[in-house]
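Just so it is clear, A, B, C and D label the chains in written order, and each chain counts residues from 1 on its own.
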């Protein structure tokens, strides 16, 4: 099970080579993550004001399969790739919304930390519960 | 009459002051412009490959009324502010999608030029026709 | 008198039309503003943590003269265009660092507000003094 | 041996969490890559207009060690991590310019392709020669 979000490639996301700049896919993935957080916690902002934990990124990576052009309608499928003791990895598979062909797959690895002291903590119970609530369980 | 498009303020569009950076509103406006072009010409890309004219920006401006925060759902209302002999000005009024309060109004002034020679030309007939087709006439 | 800062147009600032996207010039201008603030107050960060005032943008505008291409070396000349009772306008003239030809001129209008209550205040004395210190007086 | 470039974290690169957004480090790395290409080939633009090859990114990744704040002066040290038969990997180690402490390390993996047909090709001789010219050899 997972979470899906859609995005359109913009005029200003194109680079000198005429295709969407590679770092924009990280923005697409993070936007999908924000919508997932909104689904899990009511609003993306809630993540940053309500809870006592933060989820800084410790590793990010992307594999590029096909170029994306201005105006391309894309679909981002988010899945839970790994839920560790103190971290979580989400995978964002980006495909053409019409052809279904993969363009890029992004992985974002978040650590859980105490918001005040920024020290590592175990995945909070509220996060586990919210994942279950949106039906996004580790397969 | 006009054209409406919706956008959500993202985590990475926030600046050091904790609100959406002022230049992001120009991106919101241009994204709405791209969707308007898609409505007028079938696709935003068509503007850049089919026709013999280009529409470079010669002047842009924005007035800021209220700050925008992460996750805010916004509505961009596009209207034709001025259709000159060789230029067009679109106005983008950005409001909260729920409260209807103005956040920012952007104006983008495009000149029409010959795509090859980049010399000024009069507003092409196809542009006039496409404006009429989407019901966006100068009041 | 004024303040000068240099910047190079990047691969990822190019848009679908093959030139630097119009909103990037606002980023160049703001980066020059940050360096000016660093000159005036020791660091750009000081503006946001030390003082009791903030300088939100209330109006921004730009006029575009010539396109900018990837790798172009640019020079941004900052000058004080208007120092009002409760606001300040800086002008950023962006020229080719080699040919000296104008590419774009940006104007950023800041209001002065109380940091806590976000209500308008008169230009603080420390701001006047810092302007004088960097030799940037209203002509 | 390697190549060094410097960059300052900007007001508008900060995210909702108050630190430089994770994808901006990919922009810093690519800007350093552009300066390296300028060193190797006379100008970054030459890469895109003179030669018969292109270097699309096929994989990118980053590890984040410490947060970066507005105004932080950073140093990007570029080194050749792997020179394969048809690809090259550059590593970008980003450290504080004053404290020397690592903030982030980015890896960009480029494939070499024929510019026209976009089919894989071996690393061109001109690329090998240019690497040698800037003293950037595989250790």
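The criterion applied here is as follows: contacts are C-beta pairs under 8 Å (C-beta built on N, C-alpha and C of every residue); 3 or more make two chains touch, one makes a residue touch a chain.
None of the values given here were measured: they were computed from a predicted structure.
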Pick out the pair in A-D, B-D or C-D whose interface repeats that of A-C, meaning over half of the contact pairs match by residue number.
-> B-D
Could you pull out the chain whose C-alpha mean position is farthest off from that of subunit B?
-> D
Determine the centre-to-centre distance between subunit B and subunit D, using the mean Cα coordinates as centres, and give it in whole Å.
-> 34
From the C-alpha centre of subunit B to that of subunit C, how far is it in Å?
-> 24
When the C-alpha atoms of subunit A and subunit B are each averaged to a single point, how far apart are the two points in Å?
-> 28
Residue list for subunit B, restricted to those that touch at least two other chains | 11-12, 16-17, 23, 27, 30, 48, 70
Note: in the complex, subunit D contacts subunit A through residues 16-17, 22-23, 26-27, 30, 48, 54, 56-64, 67
Listed in rising order, the residues of subunit C that touch subunit D in the complex are 8, 10-12, 27, 30-31, 34-35, 38, 43-45, 48, 69-71
Where on subunit B is subunit D touching in the complex?
-> 11-12, 14-18, 21, 23, 70
